[in-house]
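Structures follow.
Two complexes come next, and they have one chain in common, subunit A, joined by subunit B in the first and subunit C in the second.
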Partner chain A sequence: MTRTRKPGVSRRATLAMMGAGAVTFATPWVARAQAKTIKVGMPTILSGRVAQLGTSSRNGVMLEIEKVNAAGGLAGRQIEMVIRDSKGQPQEAARVARELVNTDGCEILIDAEASSGAFAVHEVARDLGVLCIHTNSETSALTADPKQHIPNAFRTARQGVHDSIVGGSYAAAIAKAKGLKKWATCSPDYAYGRDTTGEYVTYLKRFAPDTEIISESWPKLFQPDYTEVVTKILQAKPQALYTCLWGGDLTSYIDQANIYALFSQMEVFAVNMADYTALTVVKNLPKGIHSGNRYIKTYPATPENAAWGDAYKAKYNEYPTNWSWENATAIMLLAEASKKANSADGKKIAEVLRGLKIKSPFGADGTVTMRAEDQTLVGYAIGWGTTIPQEPYVPQVQAGDWKTIFELEAEWKKSKGYT
Partner chain B sequence: MLPLDIDALTGCLASSACLVTQTTSGFIIGMLLFLVAVGLTLIFGVLKVVNFSHGAFYMFGAYFAMTAYQFTGSFALAMLCGAAGTALLGLIFERVFMSRVYGSDVLMQLLVCYAFVLIFDDVVRMIWGPEFKSMGMPAAFQVAPLFIAGGVVPPYYLLLIGVALVVAVVLGLGLARTRIGKVIRAAAHNPGMVSALGINTGLIYGGVFALGGMLAGLAGALAAPVRSLTPGMGFSVLIESFIVTVIGGMGSILGALIGAILIGMIRSFGSLGFPLFTEGLMYLFMVIVLVSRPTGLFGKEVA
Partner chain C sequence: MTELQAEQAAVVPRIESQSQRSRYRDVLIALVAFAVLAILPMLTGSKALLDFVIRCSAFGLFATSLNLLVGFTGMVSFGHGMFFGLGAYGFGLLMQRTGLPVPVGFVATLVITTLIAAAIGAICVRLKEIYFAFVTLAFQMLIHSTILSWVSLTGGDQGLRGGIPRPAFLGIDLSNHVHLYITSCALLVIGLLLMRQIAQSPFGYTLRMIRDNATRASFIGIDVWRAKLTIFVLAALFASTGGIIMALFVSGAYPEFAYWTISGEGIFINMLGGVTTFLGPMVGTVLLLILNDTVTRLTEYYGIVLGIVILFFAIGLRKGLMDFVVEWYARRRAGTGERG
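Now for the complex of A and B:
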């Protein structure tokens, strides 16, 4: 006796038919969805000691993405963020960026890496031709050096040289008024610390030629104890101290210098002090530390800026960082450019981005501009003020003058052989 | 800038103000390091394992102290919590995990410890968050620094040096003079015999590990008011305390004390005379000790 098949549809055939049906019905839906959403890739640092860079960058981006998507997305396409951890390693940042474009199908990159990683992602953008917005790297050369220039890469971060010009002129004015001639510096021993301090001193001396640096300290990055550096500075007896220590290093330094009463013996200029990450952590913040603004919701003193800071705090239960506004600005510019171009195409957006001026809570005059010639952000709020131990932490910020910044920046570029 | 600044160094040595300030500064750096290193050296001396996860106890001590301080506002309680919490953690860690790898390959021990370095860092990240924290200086110590012979000495640092010195004396005398000390030394020398005499060596091992963890935790708690707290903060402290134990000799308490003070002085005076080579100076000194006395300054030849 042979086994005969029962008439009708076999189980295998049923399964096959169901599968085919699913594909036929599902595919057009998938295809439509793909056309509708636009993926934006974002390599950033989400683990390790500076994970806060990545989380506050992501928060800044997501806050704006929500608004853009609610208003219809980029030329009608909803934005889908694909955010990956680079662990702060440049080679990993480059690998992640490449994968985001090639494998995940991202059409735009938001590069929220620190400087070392940003240069690596920049090379990926050069290679793939994808629209890339650097949001965190403040190293001037990234956009100032013509060798780095590519038409598809932009920067929405502040720039080291701008900070140095404003910081130097602010310090010089105080040096002249108070007769501060002898200066000391204390900055972390790596590229950022060395470059920023060098530029700052250059402009300090330019605006106040009779100042001199009598002591330099270069503690290493993430050093737990600064006692020997603190006492060394006390021995040198300077009238003023400049430091670009940041984050936990800066708060350690302040706690340790505080018990030596260092802050009552000299004027202290700490460019990275006025960021909520440091301001809210230091328990005994000394009064009267001079600092550059990073992000502070009271400067610019506009309702728009205060509202943005509060909205961020309401959503994430902490204040924004310097990185938050830089990343939010990238999305604001993208949305506006896409609207103007009436397209979500990277090349068309890039075309409009060059020279684009938008309304912004972070603008010195309520607007920021993506400067066409070097594709970097200008016109953002930049200034210095002194600290008080409680909110608003820096009550008065003296605004930097963008006219002076432009003049001196042009001169600096010439001296570097960039123009 | 020149890599060495001999004028600054000789100028400092000639002035009493500078000498006092820099010497206390060296002691502060050294004494915290001593507390971490002595635990490391004690654990090695008795248990014969190199505890690479020792930095984590320093970190936990700081976080425990900060949390206790936030809740109670009492500095003394904060220190107590930092020390007691890490002692308990040390005991559990030793009984549950480390006791399983005694006598096994050193690579296996290293692997277990390194795994826990990562796990402990992540635990801290989960409980307290990834961003850095600050405990803040207790109001009692927010006073103007003392001026001794023209040198600046913060009162809090005097307390810190005092506590560490007391620990050094109590540990040294305790091991040398008391019955428990003798048993611990005997267990270090010949655990089989000690066990045969009816003494619970597991208890001794657990106790020594807890003591080591407690000392590191105390160091973390004492450092919490002046150093920022981050996951992974134990790492750089661990590296320096290894240098200390290598210089002083593995297993020697006096060696840890002298080694730690030497490192403190190198940092404090080195930053004046060799501002660009202070780190290098520490390692250079370690190399010189290793070449001339491979067992460290106070280390004994391994029988």
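Now for the complex of A and C:
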């Protein structure tokens, strides 16, 4: 009989596919040779809605790694970063983190995950005992809750409760000066939004007891249309509005609220406004929005900070984000601790990290400290100011007082049953 | 006895003995598969390989159970991921809050899943096709939203934190990586074997009949609603077991486990592996996880690669890999027969 070519895949193609399959199957488990370099693994989010979290974290890290490597690396070992996308899924974050340590031979983890992913990586660190620095999760419980505490995990991100204390006291001062009694809130409907808003209101009322909340809105995360939220707030006629919307949500909200001239009718407090991701994207940035600093190169107003912001801009052609400085700080601390310990060993570095104070462009007084008791960063620049539509965007920032922060934080911990 | 009846009477025992034999064969294959998996840790020190198999167990059980609905009964559920999430949260919460022994927690989680699946199924299986798909999706989103908003119980969008305690039982310590691996393999093999039995049983053939023609099935006297509900609950149990394995693997439970994307992944695995063979979804799972692990190593543009693969399977092969292999093999045999 004559055999015609049947539709489908030929034998050769099948063999090729099987071969390719075998290769892809085998490569992950071929552990790469460990030379003198030290590998640092970094699971983060590089795709999807919050990909900027990952890219700007990576930029912040790489900017510092170059400096550290040029100066000889960690105790003489050059650092090689292995950065992987978790797509924002916690089970992927856990898998990637395990793979980085078990297969790629990473000896240190920089956990640049957000929200639930950070807790998943935290469990991996607990299991594997590897030195892990959380750089993006601002959830206070990650370090404040003693149940979460493990000796090998640290955090170099700001913390929700710190922001709320400073934000609340700043707002209360303005409320008293301008007689703002009726407040509205508008925050994204998930743990960060609810917790941060709740804490903010607590501290606002504590410092200015005669304020009241007359309207609450909880738009969904990544909601595209805010019309109903804006009109609801306008109808309630508050004197002031608090929001912890962030990133793209905040900018769409502002663009849409501008149409209704919302910003001329009330004082607006947007904790996440003073970050270049928001400042540079809003079409018509209204004057006079109160905001906490996330990252701006003019605060702290030091030549070191300005130089760091400019170097970043020169290299990546965009301004750093809040995530950039948090991740850069992790590398700065690592380098300093390794120098002091004269070792690249995770355990020895962890010993030195506890309580370590380093010079930093992001410090409130030119230094930041890794607090020993809960292994989280303190002393970073934190303050509030008002916006103008062009650079430097937030010209005057009122610094938060770390003494007050420490007092109230201790009280907050007690109220939560953490101490 | 007419001739026809006599003939049938002779055929029945033959079929029975055949099915008996195929059952033994399945058990044998399962034992061999388990033995191979169990000696793997002795052959390789690679923890990543063990991690890979643990994840395969979780997603494999999930995807195969989905195929019981999609492939065998013709019920395309878009909400199957809710049972995966339910298993993870149920088990995680029970272990964190009550300190029960692991096997008791496991069984209790399955009991909870049964109750919830029965309640949800009772409503969903009355519907057909796209309506069924969408109502299951709606229930999934309901469960997902409940997990998000019931912060005091579930930890909201931060998930169940603080690790899942796992006291040792019968000499098995699930905080030991190898023990966890062996347990996952055992659950996978037992789960697959049970599902295979369900698929090959008379009940399994009833399901196929319902898939092909539900009206005829009900005319023959089959209670279609009851059969559909039964398989809905059974499938939920295996998906829940998958969720439990995943919860043990990540030592926590996260709302993403109950999100629609997990259901979507299940559907995708089924497309990849094929829905006409029993092992199709398992092959799909292995394929997807390999794809996932290698592609995320090489590029952050994971979505593009995955999209191309979907297109290849949907437009190029127009079927899953296992379907393709089985057909190709059958064609080949027929081909050689012709020539010979």
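The criterion applied here is as follows: the second predicted complex is superposed on the first by the 385 of 419 C-alpha atoms of A that agree within 3 Å, B and C clash if a C-alpha of one lies under 4 Å from a C-alpha of the other, contacts with A are read in each partner's own complex, and residues count from 1 in each chain.
Note that a residue touches a chain if its C-beta (ideal position, glycine included) is under 8 Å from a C-beta of that chain, and two chains touch if they have at least 3 such contacts.
Note that the structure is a prediction, hence the values are computed from the model and not measured.
Once the two complexes are overlaid on the shared chain, A:Asp249 sits against subunit B while remaining clear of subunit C. Of the two partner chains, subunit B is the only one touched by A:Pro224; subunit C is not.
By the document's definition of touching, neither partner reaches A:Gln239: not subunit B, not subunit C. When the two structures are aligned on the shared chain, A:Asn69 is found in touch with neither subunit B nor subunit C. Once chain A of one complex is fitted onto chain A of the other, the partner contacts of A:Asp127 are limited to subunit C, with no touch recorded for subunit B.
Residue contacts after overlaying the shared chain place A:Ala94 against subunit C, while subunit B stays out of touching range. Shared-chain residue A:Gln398: touches no atom of subunit B or subunit C. By the touch criterion stated above, A:Ala141 is placed in contact with subunit C alone, subunit B being left untouched. According to the touch criterion, the shared surface of subunit A, contacted by subunit B in one complex and subunit C in the other, consists of residues 47. Partner subunit B is touched in their complex by these residues of subunit A: 47-49, 51-52, 55, 216-218, 220, 222-225, 227-232, 234-235, 247-249, 251-252, 255-256, 258-261, 277, 281-284. Those residues of subunit C whose C-beta lies close enough to touch subunit A in the complex are 44, 46-49, 51-52, 55, 148, 151, 156-159, 161-163, 175, 246, 249-252, 254-257, 261, 290-294, 296-297, 300-303, 324, 328, 331, 335, 338-339. On the subunit B side of its complex with subunit A, the touching residues are 1, 8, 12, 18, 21-22, 25-26, 28-29, 32, 130-137, 141-142, 144-145, 152, 154, 156-157, 223, 225-228, 230-233, 236-237, 267-268, 270-272, 275-276, 278-279. Note for the complex: subunit A touches subunit C at residues 1, 3, 6, 8-9, 21, 24-25, 27-29, 31, 46-47, 54, 84-85, 87, 89-92, 94-96, 98-99, 102-103, 115-116, 119-120, 122-123, 126-127, 139, 141, 145, 147-148, 190-192, 194.
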